[in-house]
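Scrolling down, you'll hit the structures one after another.
Here subunit A shows up in two complexes: once beside subunit B, once beside subunit C.
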Partner chain A sequence: MTENYFFEKFLEQFEESDLSQITIDSEFRSIEEWSSMMALVIIAMVDEEFGITITGDDIRKSVTIRDVYNVVAARKTAV
Partner chain B sequence: MANLNVENVELVGVSIAVPKRIVENRDNKNFSEEEIEKFIETTGVERYRYGHHCTSDLCFEAAEKLISELGWDKSEIELLIFVSQTFDYILPNTAPILQDRLGLPKTCISFDMTLGCSGYVYGLSAISSLLNSGKIKKGLLLCGDTPSKIVNPKDKTSAMLFGDAGSATAIQYKNQAKGMNFNLFSDGSGYKAIMIPDGGYRNPLSESSFFENTYEDKVIRNNCNLFLDGMDVFSFGITRPPLAVKELLSNSNISSDEINYFIFHQANLMMNEMIRKKVKITSEKVPYSLRNFGNTSSASIPMTMVSEIKNELRTRQNNLLLCGFGVGLSWGCCLINTSNLIIPDIIEI
Partner chain C sequence: MNDFPFSLEQKTILVTGASSGIGRATAIAISRLKGNVILTGRSEKRLNETLNQMDKGEHQIICADFSSNNVLNLICQSISGKINGIVHSAGILKTLPFKFSNIDVLRELMKINFEVPFLLSQSLLKSKLISNESSIVFVSSLSGSGKIAPGISIYAASKGAINASVKVMALELAKNKIRVNSVCPGMVNTNLNTNNPNLTNEDLKKDEKLTYPLGYGEPEDVANYITFLLSDASKWVTGANIIMDGGATIH
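== the complex of A and B ==
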């Protein structure tokens, strides 16, 4: 899993937002479409794409997209 | 991990009662059209039933109808388990009240189990274990909830998801019957994921229990309302139940091809579909009652049996794999073979 691939998959989940200014260091909560429902979509995407389960706490403690990537990367290494 | 194989019992009938009143999610005025459509797409819930009844009223009607269609002699029913989180009183248990109301004999063992979405499978394991010695011949498992009494309509995390329903399931002793296989699990470290914080004895009711707090936009509730941590429930739901299903299949030496239907607790469509894909089962084998009845807590498995596949259950033999999961955290599966079940049409009161 590369950082870029994760970032690409993360953004793919948003269908209606302008993502042109979003980088991996952007705060994901600033994306217009972000909602509690989108959090579930991200948890599902991580599970399907990377076979890793992230929890509500992981999302709550993360601020940027990179933070979520770091959680997934750390857990992937541990597996 | 608790694995149980309970022989000499058979499930012979299932019934469901719901309030007459249908609530359409698209008519909800508390949320925008866009929010509602997104909600329906994710959860699969378009409408559900809400009423003024207690859960025991719904279960009572379901039980009366089922007993009558089975032609059971009430004096032979010596076991009644009521599984609910929306019981009549803090005390006594609701089960003895139902025993009396249904006209069951005083020799009837009756008690409550306070479980939610895993409650049907847990209830089946308890009732079948008590029946399998043959000392008691017939038992009723009454499962259900009335979320209308605990959900805050201004809380978008739960407002449009749950519906009221009560079920009755008839189990009887039968020598040599194949019975049921179970695996049951608990993880209390996740107890905060789904809870009503006040009203028990850890946090007794006080004036502040009724103050409405705004946690985020359109997430408004008090401490007597149902709280649902969607993210935690979701990550639990997509990991534990699929593992439990695979494990029970493997322990029972049966392949998923030999199962006619996998009947999952109806949590929400996105979560349930992920579970289905992880277990690698085709959609034809996984019926949903979510669309018309929402998440009906411990009644969701019998609800799905009655509303979605009653003809198949009435007319032939089926291998069913039932899986309940949720509040506790608590989860479990049951593998059961049924034959020509007695299933009355859905009762509306």
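== the complex of A and C ==
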């Protein structure tokens, strides 16, 4: 899993927002479409795509997309 | 009939999921009303914890895993005399956006929440282990009655299947005066929610405040309603999907 690939997959989950200004260091809650449902979507995407379980709390504690990436990366190496 | 129709004296009730949450509270409540309970669940330790909180009676523990193939035989063969009711409380929740649904989770939830409870009732009936005038109660969910939240398409389907079949069972078993109902609780404070890794405490607190005029329920709130459904006091109630939700669906 590269940082870039994760970032791509993360953005792929959004369907209606203008993502042109979003970088991996952006705050994901600033994306218009963000909602508690999107948290579930990201959790499910990480599980399906990377085989890693993250929790609602992991998302809650994260601010930027990179924060979420770091949780996934840490868990990926721990496996 | 009993002088005090709310009593469960001389009734033996099978309670699944008796090791935790609503099932545990129900087993305890039945014992307070002088009923006997056959407790089942996977964890012998937690079933014994329930037993320790119950009033004395002729109770029995059967350890059984709903995901194993011989669970129906195991339970039926462990029951020696006729029973007077069943409370189906064993169940699991997995939240998953519809777009990420998959066959494994679909099969797992349908099996534990619908297939086994449905077939267990059928097996017990066919083995003539359910007396006439018994009461069968399924612990369904508000989501089985159309009040839903995102991420629970599979869970809601498993509960909807219960709510639909309850009515047919009730119709067919009326000639034996066997009553079949479901209770459809909104959010109740149990491990089902607090241990759900996808939900944060903050999410739950916010939802409770916004949606529940009386707040989330306690397992006892559901258990007390179930004991009414098990008793002769509810002898005219059958085929109902009974909503209890602290006012969540008033709006």
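Quick note on the criterion: the second predicted complex is superposed on the first by the 79 of 79 C-alpha atoms of A that agree within 3 Å, B and C clash if a C-alpha of one lies under 4 Å from a C-alpha of the other, contacts with A are read in each partner's own complex, and residues count from 1 in each chain.
One rule holds for everything that comes next: a contact is a pair of C-beta atoms (placed from the backbone, for glycine too) under 8 Å apart; a residue touches a chain by one contact, two chains touch by 3 or more.
Not measured: the values here are computed from a predicted model.
A.B. asks: Check subunit A with both subunit B and subunit C modelled on it and let me know: fit or clash.
C.D. replies: In the superposition, subunit B runs into subunit C.
A.B. asks: Looking at A:Gly56 after the superposition, I want to know if it touches subunit B, subunit C, both of them or none. Which is it: first, second, both, neither?
C.D. replies: both
A.B. asks: Looking at A:Ser36, would you say it contacts subunit B, subunit C, both, or neither? Reply first, second, both or neither.
C.D. replies: Touch partners of A:Ser36: subunit B and subunit C.
A.B. asks: Check whether A:Val71 is in contact with subunit B, with subunit C, with both or with neither, and answer first, second, both or neither.
C.D. replies: Neither partner.
A.B. asks: Contact-wise, after the overlay, does A:Ala44 reach subunit B, subunit C, both or neither (first, second, both, neither)?
C.D. replies: Both partners.
A.B. asks: Give the one stretch of subunit B, out of 23-31, 311-319 or 329-337, that collides with subunit C after superposing.
C.D. replies: Among 23-31, 311-319 or 329-337, the clash with subunit C belongs to 329-337.
A.B. asks: Share the list of subunit A residues that count as touching for subunit B in one structure and for subunit C in the other.
C.D. replies: Residues 36-37, 39-41, 43-44, 47-48, 53, 55-57, 60, which sit in both footprints.
A.B. asks: Across the complex, what residues on subunit A touch subunit B?
C.D. replies: 35-37, 39-41, 43-44, 47-48, 53-57, 59-60
A.B. asks: Per the contact definition, I'd like the list of subunit A residues that touch subunit C in the complex.
C.D. replies: On the subunit A side, the touching residues are 36-37, 39-41, 43-45, 47-48, 53, 55-57, 60.
A.B. asks: Would you pull the subunit B residues touching subunit A in the complex into a rising list?
C.D. replies: Where subunit B meets subunit A, its residues are 38-39, 42, 156-157, 193, 216, 219, 229-232, 234-235, 238-239, 270-271, 274.
A.B. asks: Where on subunit C is subunit A touching in the complex?
C.D. replies: Touch list, subunit C to subunit A: 95-97, 99-100, 102, 150-151, 196-200, 202-203.
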